[in-house]
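The structures considered in this document are given below.
After this come two complexes, each holding subunit A, first together with subunit B and then together with subunit C.
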Partner chain A sequence: MTTPAPTKEAAPAPAGERRTARQLSRQVMGEAGIGIALLALVLIFTLAAPKFATSDNLTNIATEITLNTMLAVGMTFVILVGGIDLSVGSVMALSGVVAGEVLTSTSLSTPVAVLLTVLIAAAVGMACGFVNGFVSERWRVPSFIVTLGMLNVARGAALEYTDAKTLYDFPPGFSHFGTSTLLGIPSLFWIALVMAVIGHLVLTRTVFGRLVFAIGANEEAVRLSGHRTSIIKVAVFVIAGFAVGIAAVTYMARLNIASPTIGSGYELSAIAAVVIGGASLSGGKGSMIGTLLGACLLGVLTNGLLLMGVSDFQRQMITGVVIMVAVVVDHYRGKLAARMPQKAAAG
Partner chain B sequence: MSGHDEAVPAVLEAAGIGKTFPGVKALDGVRVDLRAGEVHALLGENGAGKSTLVRILAGIQPPDTGTMRLGGEPYAPKDAAAAMKAGVQVVHQELNLLPNLTVAENLFFQRLPRRYGLVDRRTLNRRAQDLLDEVGLDVRPHTKVERLGIAQMQLLEIARTLWQDCRVLVMDEPTATLTSRETERLFEVIRRVTARGTAVLYISHHLEEVFEIGDRMTVFRNGRHVVTKNLADTDTAEVIRLMVGRDLAQEYPPYVSRPPGDELLRAEDLHPRGGSPVSFALHAGEVVGVAGLVGSGRTETVRALFGADHHDGGHVYVKGRRVRIRTPRDAVRHGISLLTEDRKGQGLVLDMPVAANVTLAATGKVSRGGLLKRGEEDAYAHRAVERLGIRTPGIRTAVRTLSGGNQQKVVLGRWLLAGTDVLVVDEPTRGIDVGARYEIHQQLTDLASAGKALLVVSSDLPELMGICDRILVFSRGRIAGEVAREDFDNSRILALAYSGYVTQTPVADPVPGPAAEPTPGPDPVADPTPDPDPAPVPALDPVPDTPTDVPTKNGETSS
Partner chain C sequence: MNRKISLAVSASASLFLAVALTGCGQEGGSPSAGGGKEKKKDGKPTVCLIMKSLGNEFFQTMQKGAEEHAQKLGTLELKASGIQNETDIDGQVAAINRCITDQADAIVLAPADSRALVSTLGRAAKAGIKLVNIDVKLDDGALKAAGLDVPFVGPDNAEGSRLSGEVLAKKLGKGGKVVILEGNPGAANAQQRKAGFEEAAKDGGLTVVDSKTAHWETDEAYTVLTNLLTAHPDIQGVMSSNDSMSLGAVKAIGAAKKKGKVVVASFDNIDAIKPYLKDGQVVATVDQFAAKQAADGIDVALKTIDGGKAEAWVKTDVKVVTGADAG
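Right, the complex of A and B next:
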């Protein structure tokens, strides 16, 4: 569902068939649509690339999409209020190197050091997110511009902080966790899933989530209903920053390094996942489930094309086309949604 | 009017027009014929199919069945541009202007005068000036449209159709945002257009206007043609009966005298930014009207009271206690609510369900520790639907699909749930059809009877006189006077409304004491203070000491 009403499916369905049919078609056009596209893609690759549907490869895909899923979860909040965060890739690098510095230089025992690392990475991400949100709210600057600034600031800070050097030599227990699996699924991907689930619950079951959707759809109405919209709009950037911090630690755990040059372009993949997931860049429309499916779709596409032997360059082109198609489909979905009320209003 | 001979040929004839949307028959074989030089009113409740017909005439949607003839020739426009080219011009209810372009550019957007491939600005501005003079709109051609007030934009939208070949002019609720004076001006334009032989199809909920300007009328009900007849042969009561399909006693519930209770709210020298300080008080059980021209400070004052816009000082007392109101949040916490005139833009989250909209100002009541309690939310929403008689398929229906009247009830339900004692209602029934209007008035009256205090801002004087206990009349940013119910009188209120613009005392402090009776012109409407009018378009800037920034950010302050 892309509507803000999370339990719309559970509606008492009072007006009979017509309504149900409409809901169904909305669903088909919404998350279900992405789900179907994803299944179709999986089917195609299963037939075209023999190695695709092996458990090893699926684990591979899960590993590949972990980071993007985490970033996209945070990005979903930002996009739902009608904002955008272009700084996530750079902030990820900054969080990583600050936390990595602590992890390599501390003499604490491994578990404590790791905990500290996570806290510091999250804190750096949230601080950058706060600055993004605060500046754009306080001075009414579009978040596009503010986060574009942060993209440069964070990247520069990361390079300055490390003198452009890569940090490595993390405790063995740390990197071991990065490659471990649970029930056949990489531990790190579990974390991404948990983040998505929590994000979904926050969006659908809390007042905060309700207001996030409402602000994206009509901020003035929310303000005039007596809510402090600014606080919520800053909070979504802090949430995005938190997700970035966790993603930074994930990166370190997986590759055993922290580098000031990582993460460039990650913001665009995250935005793509959210948009493919059915969110509207003008806010108020989208869902965490859609985002998760969007991230999966991108991951499956990349992996499948790779297995089919499609070159790197061609793969980029195809990914680009998929994003465009998603936006076009979204456009028609918007039209469909716009036409439905008219029908009802006419009666 | 209505002196038209039956033999006048029809400019536009539409017959058997049908349009079905999945599940809904919007139009069921309707007909309408427009004669050259007539003003033909198209009447019907919301949902009667008027707008669908407009879209068909404008070429936006094709009809499923039926034929149309324009000047005897078959007329089947394939898109809006084709319709315009054929001479059918439509002024839509919602504004279609480009805010970043100038007035002149908007006027001639379809065909900018060119010279050597570049826009010929001089010709453009000259032609624009002629058109602006014609509609009596006092703005400069090179002003950016975003700086205009809503009423001015509306007139501009109308001016835009005038230079084009115009055999049929369709106007969908053209006066919704206009004051009576601007409406007069619009009527002059309409008379000029019809004198040239253009047929005007006029859609409005304001029956008084329809009787003033119209020659014939066609009534639709539930997508069907009910009747076409001369307006001279009918009256308001009959028209309402035809539209609603049943007898509707009146537009306003019977007035019940309520003894005013304790003072709930008092504003002292409340100073809206760019306005003048005003003072007033509201008591429990009172419905207090706020009348005045567009731009007279009505909306600015109530928005300042609610903390929606910044204000420059003044004190507000709630139940005798002084409170600080700087944001809407402060206002809501002190039991004050605001039902904005722009329901869709500032009141409702259209794509969200009825339930979420009802509970938006009372999220604390439907949650524990930030977690939504679905069951409680639904219970509250059901109660609001029941209590206010909101007609909706269910509480999970998006409010976008509801009619204007039901949307207004959703907003009302929100504030009742929030438990506010003082309700400030800006234009409670704008764009709402007759049947629903009565219900809204009934609801407002009931709320007063239940001990709430209501402050009702409206451009519709009969509405204020129908439901209010007393009326504060704003003129040029100040309260020019207060009229008690027993003294309600159209011309008296209008005289007060115009008083600030008529007496030109720019430097000396004019402050008319409350109930002062300044210069009651014999007929204030027909008294538009000729050319050296001190403030020709009140929407512009009623206050001499704020030079620039009055017409505003949300484009809304002007009413």
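Right, the complex of A and C next:
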């Protein structure tokens, strides 16, 4: 499903064909590599854990990776421009509790309350994202530091706002949606998929998407060519914030609570998914399909190891090793992919 | 792996916030602007209450209870402080050191780790500060090695989870299959609660088919239990070491369409668990009366300041709460 993309991509730009083709084949190689690793894992678990390849379990995996997929979709934009967002877990908690307050309000009818919840959660996420982007652009502070600050600010604000209490008692219809399925796939995972697809289209089919890649590869060149890079760089953090807001609502719908302590450490799972998906932390390289596969790989790994009855500590070690292997393999794969089209051109 | 990295990152990141937090606890008239070397002599002894994460509802309740108790007594100055997260050991070390600098008369501590804080407490003891241990018991071996004798005021976690597990065992009957959801590996209260559950399972003839950690977290408990339910479809009961994990467990049971077929025994008695107690999905939870624990700890501290001798373990109440209690 990834192969048609390069032909369509390359078609409208015949002038830069050789370079675009190389770039794209590298991208496809990356995704294919992750895809193969994912297939291998699925095969191993199918043999080792009898209940792994059941439709119920696949539904479970989809449920389990939903949050991380959403966060990783937003994170992909940030990492592509060479930034990082460490605040996503905390901002998710803040969005959740602020929106959750509306959801528990008895004076509103359920549809209105849910609509407001989604809007407010997204708005809180985007506002935090805007602050992240604005501060790091306006004062040229690395986003690592700014979002580290936001990690603490948002967590503190969530705790302050709720007095550390867990919010519950959401409308039944809301949590019903959280556990519903459509065509055998959890409704919430559909939303994550739609987000990934939109993200993919934005990255590959729009000027904005091209600029995101270009800034990550060589920001100075983009600036010199007359583009206002700051706006784009703030925008990617706002996009990440939007994804976080949606993830917060997803969490509430699935687990029926909003707590100021949720989401700690989620930023690292999201970053791991993006990096396993073949993205470079220095920016300019990566793809939404890779991110989606990366999130799947992490989810399959956790699920399969749990089903096999592997102990907690071993599971933690294995997950860590897989991340390292993925990055090392990616290093060689990138080199190989870079060489391939030249060979093809020569031959 | 995520958690380990997250620990490293958040530990370093939150240092300044931890300082800010503990600083807040001291605002109640701190005359130590000039280094705090001179001892305050306004007659009232100073008691430092050092808790774990105030982001945890349990310690919020504890702090409020302690402050109310101190106000009611009127015979002490209470300096309450917390740390950034459950494992912020450095934050507690810093808080103890501040109490030493402030020449407090007693420290009442809910330790984030049952061994790591013992040596710092030794310094406090040398400075003539009376020590009281609440919530989670400090490790006996580590205390002995440091030559410390610290009275413990707190609940019997194992007893609590045993009682909760007993309710589940009665409900399921002999031969019932259960899984345990553990708290953070290495945490003393997590180990004690697990031990209590295991004892209840043994006494009640239940089979524990698996035991996994979900790090006290709702979302992780959802994931872990979903997979355990897949791996062992014949599970009838879940023994969950805190209510936050039980919230995730209940949703996982619902998603697996096993509502009513799998029930949960829990621990902590937070507000959010009440609806599930009422509808029977959670058969029991345990209240350890956080407010009372801190108040009792303060009482023991005052007693030892006055030269009295405290019992080695002043047991505070643990009470099983079931649907009938929740109303």
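Just so it is clear, the second predicted complex is superposed on the first by the 303 of 347 C-alpha atoms of A that agree within 3 Å, B and C clash if a C-alpha of one lies under 4 Å from a C-alpha of the other, contacts with A are read in each partner's own complex, and residues count from 1 in each chain.
One rule holds in what follows: a contact is a pair of C-beta atoms (placed from the backbone, for glycine too) under 8 Å apart; a residue touches a chain by one contact, two chains touch by 3 or more.
Just so it is clear, the structure is predicted and the values come from calculations on it, not from any experiment.
Engineer: With both complexes superposed on chain A, which partner does A:R210 reach: first (subunit B), second (subunit C), both or neither?
Structural biologist: After superposing on A, A:R210 lies in contact with subunit B but is clear of subunit C.
Engineer: With the two structures laid over each other on chain A, which partner does A:N218 touch: subunit B (first), subunit C (second), both, or neither?
Structural biologist: It touches subunit B, and subunit C stays clear.
Engineer: So, does A:G184 touch the first partner subunit B, the second partner subunit C, both, or neither?
Structural biologist: neither
Engineer: Touch check for A:G284: first (subunit B), second (subunit C), both, or neither?
Structural biologist: After superposing on A, A:G284 lies in contact with subunit B but is clear of subunit C.
Engineer: Touch test for A:I262: subunit B only (first), subunit C only (second), both, or neither?
Structural biologist: Only subunit C; A:I262 stays clear of subunit B.
Engineer: For the complex, which residues does subunit A have touching subunit C?
Structural biologist: 49, 51, 54, 56-57, 60, 63-64, 67, 86, 148, 151-152, 155-156, 159, 163-169, 179, 251, 254-257, 259-262, 264-265, 267-269, 272, 302-303, 306-307, 309, 312-313, 316-317, 319-320, 323
Engineer: Provide the residue numbers of subunit B that touch subunit A in the complex, in ascending order.
Structural biologist: That would be residues 21-26, 47, 49, 52, 223, 306, 308, 327-329, 331-333, 338, 340, 345-353, 355-356, 360-361, 363-364, 367, 370-372, 374, 393-394, 396, 398, 400-403, 414, 418, 554 of subunit B.
Engineer: Given the complex with subunit B, which residues does subunit A contribute to the contact?
Structural biologist: Contact set of subunit A toward subunit B: 3-5, 7-8, 11-15, 18-19, 205-208, 210-211, 213-214, 217-218, 220-228, 284-285, 337, 340-347.
Engineer: If you look only at subunit C, which of its residues touch subunit A in the complex?
Structural biologist: Per the stated touch rule, the residues are 1-6, 9-10, 13-14, 17, 54-57, 60, 85, 185, 210, 212-213, 217-219, 222-224, 226-228, 230-231, 244, 247-248, 251, 254-256, 270-272, 275.
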